[in-house]
Each structure stands twice: as structure tokens, then as C-alpha cells.
Amino acid sequence: MSTKYQHIREAAWEGNMQLPELGLVLFTFGNVSAADHDLGVFAIKPSGVPYKNLSAKDMVVVDFEGNTVDGKLRPSSDTLTHAVLYKHWKKINGIVHTHSTYATAWAQTQLDIPVYGTTHADHTTADIPCAPPMSDDMIKGNYEYETGFQIMNALQERNLSYEDVEMILVGNHAPFTWGATPAKAVYNSAVLESIAQMAYITQQVRPDAPRLKEALIKKHFERKHGPDAYYGQ
Amino acid sequence: MSTKYQHIREAAWEGNMQLPELGLVLFTFGNVSAADHDLGVFAIKPSGVPYKNLSAKDMVVVDFEGNTVDGKLRPSSDTLTHAVLYKHWKKINGIVHTHSTYATAWAQTQLDIPVYGTTHADHTTADIPCAPPMSDDMIKGNYEYETGFQIMNALQERNLSYEDVEMILVGNHAPFTWGATPAKAVYNSAVLESIAQMAYITQQVRPDAPRLKEALIKKHFERKHGPDAYYGQ
Amino acid sequence: MSTKYQHIREAAWEGNMQLPELGLVLFTFGNVSAADHDLGVFAIKPSGVPYKNLSAKDMVVVDFEGNTVDGKLRPSSDTLTHAVLYKHWKKINGIVHTHSTYATAWAQTQLDIPVYGTTHADHTTADIPCAPPMSDDMIKGNYEYETGFQIMNALQERNLSYEDVEMILVGNHAPFTWGATPAKAVYNSAVLESIAQMAYITQQVRPDAPRLKEALIKKHFERKHGPDAYYGQ
Amino acid sequence: MSTKYQHIREAAWEGNMQLPELGLVLFTFGNVSAADHDLGVFAIKPSGVPYKNLSAKDMVVVDFEGNTVDGKLRPSSDTLTHAVLYKHWKKINGIVHTHSTYATAWAQTQLDIPVYGTTHADHTTADIPCAPPMSDDMIKGNYEYETGFQIMNALQERNLSYEDVEMILVGNHAPFTWGATPAKAVYNSAVLESIAQMAYITQQVRPDAPRLKEALIKKHFERKHGPDAYYGQ
């Protein structure tokens, strides 16, 4: 096993181990990958191996076409989705897929999550997009590969870039999140689950709850992300 | 106590101990059994003994007619249901019964759980059946024995085999799951609870949420279970 | 401090310590008492003392009129409710009051919890009664004393004895449970919380969910409690 | 670092560490401050530092105008809201802000939380106010400073003092709570989350659930807080 992939193997492993700690996965229903764009590869969780048996060396190294480059196990069945996104999005180094309860339930509704409050606006000014289910032809074709394009198309249709919103629901399936680092992508998965749960409760208490007003969406996002951001150290 | 049942006693005990860890039982509201079809018997949790006091030797060994073969304690009050299913279903070696919150609440609605997403389709292409409550005559007769037939009938009416779907709701009662091993049956109980919770939230957010399209149901099930499955190692 | 109350002090303390473990209380929002009918007294949690600081010796011993007999601290503010129930119900030796989430939310609806399934019928054949809020005169009078009568009246109006149903909701307030032992009363509080949560989910999924049929109510209760009970050892 | 602020640094740190223990925060989405009115300053959590890395010495000391007086890190982005409230409310020494799930979801509805039961009335006789979203001008101005006035105005409009009700929802944002000590303010945050969850469930089960009757509101509040209070030691 090559040592030159050690850094992404460890980052992917650490990310994967956080998922059960954050309550985002049941059994093996999730995967985290860590990319190195200079090497043109990413490390990802092997398919169907219980978290408690995982170690960093089990992470499978794959190129951006989805070919295994290093590692003995079969990579996650969602590997091609990760590959497509890394190939097209140069600035992300981490992707996370989970079946977390509230985000997955929203994905099953095929509806975007409206921005109802500042918890949401702290992270993105957009509603969380829900990509529609694929056409039957795409499903019968290269399914996981097409899922990547389904995600990119959903952003494009809303005039959003992957830097504007780092989380998405894949209709009838479940959430994907990403970020500059695997740790940021994991953070985004936990944030999305919390946003999804709060939006659900908000709608139950008040079905016609108004979206957050534009001035507040802008204000909260810029507190954390604008050129004059004043959140964090 | 005969040593020839040690393997099923240990498998049943391990399965039972997983139920509280997975958050599937309150107190003793559940039971796991482990069968050996060659010996024609299964080991099952004794009735009403707290999980913390259980050890493998307490598991009661029963034949497929429900007669105790080995063990000092009274077997679970649901023993006859397990016996009927093992007698008719040759390929299963584990059965689990719980009163897990969301699956039990669904059973109380007497409705099947629609397949809303891939978390569900990864495990079965069918809606999760809810067997109707028994006739009064059956209830007054051999209740737990008839519960086994109620389960088999519900599958038959939907043209499903016990290999197509390894989980069911018994109307107004609670879920039963099964599998090739006791561990698989326990896994199925946790999966069912998660599917039931997600379906509940999905319906609350969007009462007319569409069922998963056929092509996706097929695709996801075959990723994990078809002849060309590519999930797992 | 008299040693003759040691047994009820320890039973009350053990019961109180179980409440946070079972997730039934936030801070000090609950109390367990343990009675000795021969001595004509019960031990109860002192008012407003955090669980982590409690020890058995802090339990206050009170007679069935509510007079402190032994102990340095002020007893729970709900003490008179316990006293009234012990005075009138000779066969119970434990009472529990909590503000557990789902049972308390149901109490706030002023509705009985319908018997929707066997989890409920395993414990009582009746809907869980919700006692109506008191008249203003009773509230301004001896409030906690009247709460005891409010509970007894609610049972009487439904032709139920305290042995038929060991749990009740006090409208707009919260649940009370009881039993032959303090441990059984604590068990009943956890069961009630689970029944309340399941009934809530059942109603959300299917607002017109049918009550459990009479034959099943009877069957499940008799499995555990009738003269031919076959649950437990 | 000056030692004269050690007591408020420790109180603020202890309060902050309780938030994750009580399940009130995800990551760093909350802050606790501790004031000393004689010194005219308060200690508050630094912005965006994970809880596990915090120690008392990291707390930033700020005056009631929001100027940093002692400490190396940047204070919480919500610091000016705390400053305004301490400046105007002489009797409080602790303020807590969280994004706890149910309270935040209610804030997103822009609705007050009705007093449905005694759990609520034990703490305040008023509905929990929800301050409306600010005007666009206020948002573009000194946002966190204005949030403090938004909170004070919402109380004033309801003829409530900060001693009548120690908790509020800021519309589309999240809850703030306060108290005579930082520990009391943290306690109030946990109580508010519980009240919000119960009110949500109550409304789901019975959309026209009646408010608690006046006599009971008064009785329960006075049990704990009136001149003849008999709760606690």
C-alpha cells in the first residue's frame, strides 16, 4: 500500500468515524471521502464495512474517473458520484453522503427546504435544493455517475454554484454535502440534519410560516462569510 | 443443560442484547430467537426477564411445535409465533419481535408503509405489509400460533415471499422481522424502525408524497441484492 | 433520624434515581414516594433538590395527612397528592409524578389516550384517563390535596379502580402513576411515556386510527394479568 | 490577563460547558455570558471556538458598551445583544443564547408559545413572547445591538418586565434566556426547550388545545415564586 495517500486515507477515516458520533448514520448508511486534487485522487470508505471495524488503511483510493488506484477493498457503491463531483468542482476536498433521518425524509418529499431562519442563513442564502428523481434512462445507465450530474444540474437550474450552497438533497434518496475539507463536509451534514429537523417542526406548527426576509438572510450569511465577516477567530 | 444447543443459545442471547443497544426496546418488550433447522429447534429469550440479568444459558430451547426441549425458564409469550414461522420458512434462522416506537405506531394505524425512498428500496421492493387484526375467533383460539399464520397470509395476499420482504407490521400490535441469521433479523428491526420514522416525517411534510418510481426501486434493490449486486465486499 | 423508615427511604431514593436514567425528568421535575401502610407513612423526595445531590437519608417521611414525621428537608410540593392517594388506596406502595415529554403534552390536550395497540393493552384495558382541570375554588383551596381527589374522581367517573389502571394524566398538568411497589410505579411512568409517544405518532399518520378491538384488548391484558396469565416467570 | 475577572470567566465557562451536556447546542451554536454589575463588565464565550477546546481563560471580558476589556480572542458575534441587556437590566447576571431545536423552530414561526400547562406556568405566567423580525433599516444598522432593543421592546409591548419572564424567542432567529445567575439562565434555556417541545406536541394532537386557565397559571407560578412559595428548600 502506497504511503503517498496516507493523508487522505486518514482524513477520510476520521470523517467517517464522526458520522456515528454525530448520530448521522445507522449501520453503514453513509460515506465520507477526502480528495487531493494535485494527485487527482480521493480516499473513500469501502462498501458495507461496519464502522467499528474500519481503520485508515481500509480506505480505498480512487481516481476522478472512479478507477481504484490503491487499496484491497471494493469502494463505496456511491464512489462514482463522488468522482464526478471532484472532477468538476476543483475547490472541494471532502464529500459526505448519509441517510440522516430528517434530511432523508425531506428528500423523500422531493421539496426544497425553505430558508426559515438564521440557523439556515448562517450557512447559505439559498433554499436547500432537492434534485428531482432521474429519468428512467439515466437510472438504467450509469446510475451513480448520473447522480453526480443530477446534483450539478439542480444547482445550475437555480443559478447556484457549489460554493454558494454546500449541501443538497437527492430526491427520494438522501443528502450529499461537501466542503473545502472533509471535516467541513461532515460539519455540513450535521448542520443540514438540524436545519431539516427545524424546518419540519416549523411547518408543522405553522404551515404558512414565512421565509426569512431578504435583509436577514443577507445579514446572517455575511456575518459568517462576507468580506466583513466577524464570526470566528 | 445440553451443550448441543450452545450455538443457538449464544446467537439468541447476542441478538437480544443488541435490542436495547439499538434503542429498539423498553424494558423487556422484545425477543430474538435463533434456529437450527437440522436440530429442528430454536433458542428464545425467556419471558419477562430484564436484559441486564440475561445470560446465554437462560435462553429456552423449543421445537417447531412450541414444546420446550431444554431450559428451566418459561419461554417468551410470543414463542408460538416464532415456531410457526420457522416451521414453514426453511431458510430463516433468526426472528425478532420488538415494540420499537415508530414501527409500532405504524402498526397501530393498520396501514402498510409506502416505499418513499432508497433507504427502503435498498432492503425490499415492496411496501412494508401491515397484517390486519385477527378475527375474534382466532384471538380467542391459539393467539400466538395464529399470529404466525396472520403474518404468512399477509405476505401471500400480496404475492410476496418471506425472502422478498424480511419485515412486517402486525396490525395494532408491533413489528416482526427475520433473516438468514439472528444478526440479520436484528439488523432488519433497526432498518424497519428507521424506515418507519422517515416515512412518518415524509408524510407530515407532504401528505401526498409520491411513492418511489419503479425504476429506482428496482435499481436500489439490485445494487444490494441482484445477481449483479455491487454493494458490500 | 429514625432507622425504622430506612426501607422506604431507600426504595424512594432508588425510584427517584431511576427517573433521569429513564429520560423521564428534566432537572427536578418529578418525584417518587414509597409507602409503608403498616407504619402509616411514606418517604418522598425533598422539594427542588438536584438528583445528583440526593441520598436516601434526604428522603422526607410523611404521614397520610401530609405531616412530616421524620427528616430535615421540606418534602416535595406534590406531597399532599401522594398522601391522599395512599390514604384511600390500601394496596399501593409507590407513586410517581413526572413531567415526561409526551405524557405531559397529552395532559395539556385534556384528552384521554385511546387504546390503539397491544403495548397499551398489555398494561390496562382502559383508555388512559385525563382528569379535567379543577374548578377555581378547588385551585384556590388546598390545591395538591384536591389533585388527589381529582385523580380519584376521574377514575370513579369511568368506573375504573386504581387496580384497573395504574396511570393517569392530570389535565394541563402532567402524569401520575402508581403500583404495588415504587419500582412498579416507576415502570408504569416509563410505559405511559412510551404509550403516549406511540399514540401521538399513530394519530399523526392516521387521524381516524381505530381503537384496538375488544377481543385483542382483553387477550393482551389477560396474557399478562388474568388468572391464566402466561407472561413472565 | 487580569485576575479580577476570574469569577465571571469561570461562571461563563461553566455555563457554556453545560449547553452541550443538556443537548442545547450543535457545534458552537450558542453562548453564555456572566456579568458583574459592580465592575460593569461581563465574560462571554469567544466566537466560533469548539466547546471541547474552551477553558475559563478563553472567555472574553467586555464592558456594557461592547468594548473588549480583557482577553485575547474575539468575543461571540452576539456580544452586543448581551451588552445591551446587561446595561438596561440591572438584576440579571447571566444571559444564554442557543439554537436549540424546538425553541428555534418556534422562533421560525414568529408565534408566541401559549401557556398550555403547569410546566410552563411554574416558570412564568406569560406566553413566551416571540419578538418580530426587525425592520430592514435596523438589520443594516448595528444588528446585534438592535437585537437587544428588539427583545426589550417585545417585553414592553406585552407589559412584561424581564423579571416576569426570563426567556424569549427572537423571530426567525432563536431563543435568548437570562437570570439572576448564569446557572439560572442556562436552566431557563433547558426549560424553554422542553416547554417548546411539549407545546408543539400538544398542538399537533389537538390544534384547538385551550390555554391553561388563569387560576392554575397563578397557582403554579406562586407555588414557586410568590411570597408564599413552598417549592424548594
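A, B, C and D are the chain letters, set down in written order, and residue numbers restart from 1 in every chain.
The rule we apply is simple: contacts are C-beta pairs under 8 Å (C-beta built on N, C-alpha and C of every residue); 3 or more make two chains touch, one makes a residue touch a chain.
On a predicted model such as this, the values are computed, not experimentally measured, just so you know.
Interface check for copies subunit A and subunit B. Shared numbers divided by all numbers used: above half gives same, below half gives different; which is it?
Result for this pair: different.
How many angstrom lie between the CA centroids of subunit B and subunit D, rounded to a whole number?
Inter-chain centre distance comes to 46 Å.
When the centre of a chain is set as the mean of its C-alpha atoms, what distance in Å lies between subunit C and subunit D?
The answer is 33 Å.
For subunit A, what residues touch not just one other chain but two or more?
In subunit A, residues 200, 204 touch at least two other chains, as defined above.
Can you name every pair of chains that touch?
By the stated definition, chains touch in these pairs: A-B, A-D, B-C, C-D.
Give the list of subunit D residues in touch with subunit A in this complex.
These residues of subunit D touch subunit A: 26-27, 29, 46-49, 73-74, 77, 99, 101-102, 104-111, 133-134, 136, 139-140, 143, 172-174, 200, 203-204.
Could you list, by residue number, the parts of subunit D that touch subunit C in their complex?
It is residues 116-119, 187, 190-191, 194, 197-202, 204-206, 209-210, 212-213, 215-216, 219, 223, 230-233 of subunit D that touch subunit C.
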